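Everything below concerns the one structure shown next.
Labels run A, B and C following the written order; every chain starts at residue 1.
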Amino acid sequence: MAEQKRPRQDTMSSGERMGAILMRQRPDRIPFMPFIFGYCARNVGYPIGAVYNDPEKSFWAQMWTAEMFGYDGGAMYAYASMGGWEFGGEIKMPQSEWEQAPTVARFPAQTPEAVDALEIPDVATAGCYPIALKFNKIQQQFGMPIMVMAFGCFTPAGNIAEVDVLCRWMMKRPEVAHKLLRKCTDFSKKVVDYYVEHFPNYPMMGFTGEASAANQIISPKQFEEFVLPYQKEIHAHILQSGIRNIFCHICGEQNLNLKYWAQMEYGDPGILSFGHEVDLTKAIEVFGDKHAIAGNIEPQVIQNGSNQQVYELCKAAIEKAKMAPSGYLLMAGCEVPVQAPPYNIYVMKKAVMEHGFYD
Amino acid sequence: MDRVGGICKDKMAPHERVGALMMGQTPDRVPFNPFAMGFAALNCGYTVESFYNDPQKSLEAQLRTAEQYGYEPVLLLGYAAYGGWEFGGEVKMPTSIWEGAPSVARPPVESEEDLEKLELPDVKTAGIIPISMEFSKLCDQMGLPILPGTSVDAITVASNVTDVSRFCRWMMKKPELAHHMLRLATDHILEAYQYWVDTFGAQKIMAGFYVTVAANQVISPKQFEEFVLPYQYELQEKILAMGVQAAFMHICGEQNLNLPLIQQLPLGSPRQPVILSFGHEVDLETAAKMFPDNIIAGNVEPQVIQNGTPREVYDLTRIAIEKGKKAPGGFFLMPGCELPPMAPGYNVYTMMKAVNDFGFYN
Amino acid sequence: MATEARKKEIFEALYDGVVAFDEDKVVEYSKLVLDEDVDAYEAIMDGLAAGMEHVGELYANQEYFVPEVLMCSDALYAGLDMLRPHVSGKEARVKGQVVIGTVEGDVHDIGKNLVKMMFDVAGFTVHDLGRDVKLERFVEEQLKTDSEIVALSALMTTSMLAMPKVIEMIKARNPNALIMVGGAPISQEVADNYGADGYAKNASNAVQEAIQMISRLREMGKA
């Protein structure tokens, strides 16, 4: 491969490196946090669904894979289709070779009446949360920080009603959309409260994301009305509860929404991750003074690209973002595809080890 | 290519480690090669098929996978079903997820009459040979050892040309036909090796000997003695006499009853070492005892690497290392046969962990 | 019989109704089409379809987003459902047949539904298999309907890997079938690597691409 530097050796542990970012100190090198779930199951010989329905297998698959590739960030429990199952619908776990994450099999509220009747569930028994909590307990046994999956507003609402139903309500029955978003927001706050109560004084970070709020689906004006107030409320609640930092996955084409994301709080600092659609320079310009930036290697390229292409993409991202004032983490723009060639993950780490050190 | 990170606290580079082993010296640690073929292709985003029909991709996949895991690369483009295609039959390249290597789609000999008409193929154009030669040239350009893709044995070639069931029947009912086929197979392998020696010079070549079909899952030791030993003796004697730098002999499968016969084969010398690799069916202590002058390799069970838990793989690897390290001729950790293409990556990494934990020599 | 000027007025109203997602207006003017004996096919193509084409441009320029496009499609179908029964046999010449679906493992279908609608409006007969469609189903449906085109959609990087498999399966049974691929992770390069015959960058482009594909097929005398 062209323009290679010799790889260097770490002088910090992974925990020290991530801790440095959160204390606004410079780590030895850029952390590498690929954002990787179902892939880990495949890597250790488990069925993909195990990452989502078996807390112990999920934990070890992620920890072993992190060990094998030498990346940072440990393990977390999360998936994009949250909402449907938690509010009483049905989930389908990934089974075939073409599926990488759970999907909503039955949406629980597709009419205004159903939204009215929707009750805020009990966190301990809602959908994936019993599994997530068991996963978190295992993390606690090993003294690892916990990522609180804080549910969210718009994306879960889309998973409760189905995205195009929600979109139609936004246009024709905005009050129904708002009602549903309110319920999602209230549940998010309940989740945060539950974690604070059941993991008192434990190192935690809030995790939020809004994939469906991307401009591939809604306009910035719709974001302003249907996402911003709720997301702001959730973030504020997380920080008021005592959780100091938020990791926010700003997924997809979000360029027109950045000015709204900039109005939210993320802690001191937060970590904001971006997809390939948002240029890292732009992300740093808007958020970089206050928050660490993560991203933004295109998942499709990690899966289908040549080893060289992946390396060059990572090298370019590192060179662009390495000096971000509040820090930078190399990450995929969204979840690493299950079928990504392992060598491409190795190459991402290689790019960090060859170009990611701070001298 | 510099390796990134890695768990082994190596004090030698891979070629130094293997070199020390081959010269009868103690390396820093047990060398390890997982015999990764289709696995390496998939690891780098290539198809299993491309491992066998694209020399550039095959080489890249093998080198990059070795770099990623930190094991010693042994570069080869060859396949166990060798012979059918080379003698004029049809090969099927692996295309579905259930296929790990090329297979014989139509054997060239389906009757006695076919055998009568069978001629030696042109080694320069037969079957996989042009592809394997291209691969060897790429290795040569990089200064790497060359393993000819025609690294097989007479009975395996014979079985692939005629179909193993037919060959077995001939061994029983028409042994003269079996011998005729074995003669052709032996002559072909020798011609192919000469082609490699003429192209690169013998000193650059590491020969590969195999006795795959000769395993006791297929034939008896008595049949080994009649139908394998004389031809294998001739092959190994003549190929070693060409002046190759070393050889690797893969004694695949259940071969315990054949071991006394294998002892009678030309098995190299300190100046021309022959590495003997064994499947999980042959205990490494037995192998070391029966072949004290040879480097022993093996023998972690491939099925366990594919289907077992990391703990199981780690334990099996530890056991192999502990046994193999005692081999007076030296030891090279390997699976018992080709690494299954769909083996979980973490299990291969786990083998490397076991090397790191148990494989260093004080 | 309406004058040319009156027809133009009606078509513009239909166009505006679709673009402004004003279902009532579209219904009102569709009724006028029938009452004033305006050619229904012309009204569909020059009014409704033209409006939807402009909606496609607005979406591509990020002036319209999915909610708006869904509204526009509701308005479009309100008119289409009224006018289509009145299209004469000659005019209803089908441009071609399309089997369309989101591949197995993928449940995202907003984009696919938009493409389906564009094909519908453009005069194709569309066989919509829905989402999470088993690979064999695409083959079966293509053979059953003898559709010229099979359009595959995928949003996920995992499910996109099913596309080359489907292409191979279809071509093995019917080498003349044309395959178009589209979805967020797909690009022209990916489409070429997969052996697809066409690539739909967006909903409007899908129809143009399909028309060109079928023309090529007919030129080769295979249709």
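Note that contacts are C-beta pairs under 8 Å (C-beta built on N, C-alpha and C of every residue); 3 or more make two chains touch, one makes a residue touch a chain.
Here the structure is a predicted model, which means the values were calculated and not measured.
*Asks:* Determine the groups of chains connected by touching when subunit A is not counted.
*Replies:* In the absence of subunit A, as far as touching goes, the chains form B | C.
*Asks:* Relative to the centroid of every protein C-alpha atom displayed, which chain's own C-alpha centroid is closest?
*Replies:* A
*Asks:* Would you indicate which pair of chains has the most C-beta pairs in contact?
*Replies:* Greatest number of C-beta pairs in contact occurs for A-C.
*Asks:* Can you tell me which chain lies farthest from subunit B, using the average of the Cα atoms as each chain's centre?
*Replies:* Chain centre farthest from subunit B's centre: C.
*Asks:* Averaged over CA atoms, how far is the centre of subunit B from the centre of subunit C? Could you give it in whole Å?
*Replies:* The computed centroid separation for subunit B versus subunit C comes out at 55 Å.
*Asks:* How big is the gap, in whole Å, between where the Cα atoms of subunit A centre and where those of subunit B centre?
*Replies:* About 45 Å separates the centre of subunit A from that of subunit B.
*Asks:* Rounded to a whole Å, what is the gap between the Cα centroids of subunit A and subunit C?
*Replies:* 34
*Asks:* What are the residues of subunit A that contact at least two other chains?
*Replies:* In subunit A, the residues touching two or more other chains are 97, 304.
*Asks:* Taking the touch rule as given, give the residues of subunit A at its contact with subunit B in the complex, in rising order.
*Replies:* Subunit A reaches subunit B through residues 4, 6-7, 10, 42-45, 64-65, 68, 70, 97, 304-307, 340-344, 346, 349-350, 353-354.
*Asks:* Which residues of subunit C touch subunit A in their complex?
*Replies:* Residue list for subunit C touching subunit A: 21, 62, 64-68, 70-71, 74, 103-107, 110, 113, 132, 156-162, 184-185, 190, 193.
*Asks:* In the complex formed with subunit C, which residues of subunit A make contact?
*Replies:* Touching subunit C from subunit A are residues 38, 94, 96-100, 103-104, 163-164, 167-168, 170-172, 215-219, 222, 256, 299-300, 303-304, 337-339.
*Asks:* Spell out the part of subunit B that touches subunit A in their complex, as residue ranges.
*Replies:* 2-5, 42-46, 60, 64-65, 68, 97, 306-307, 309-310, 343-347, 349
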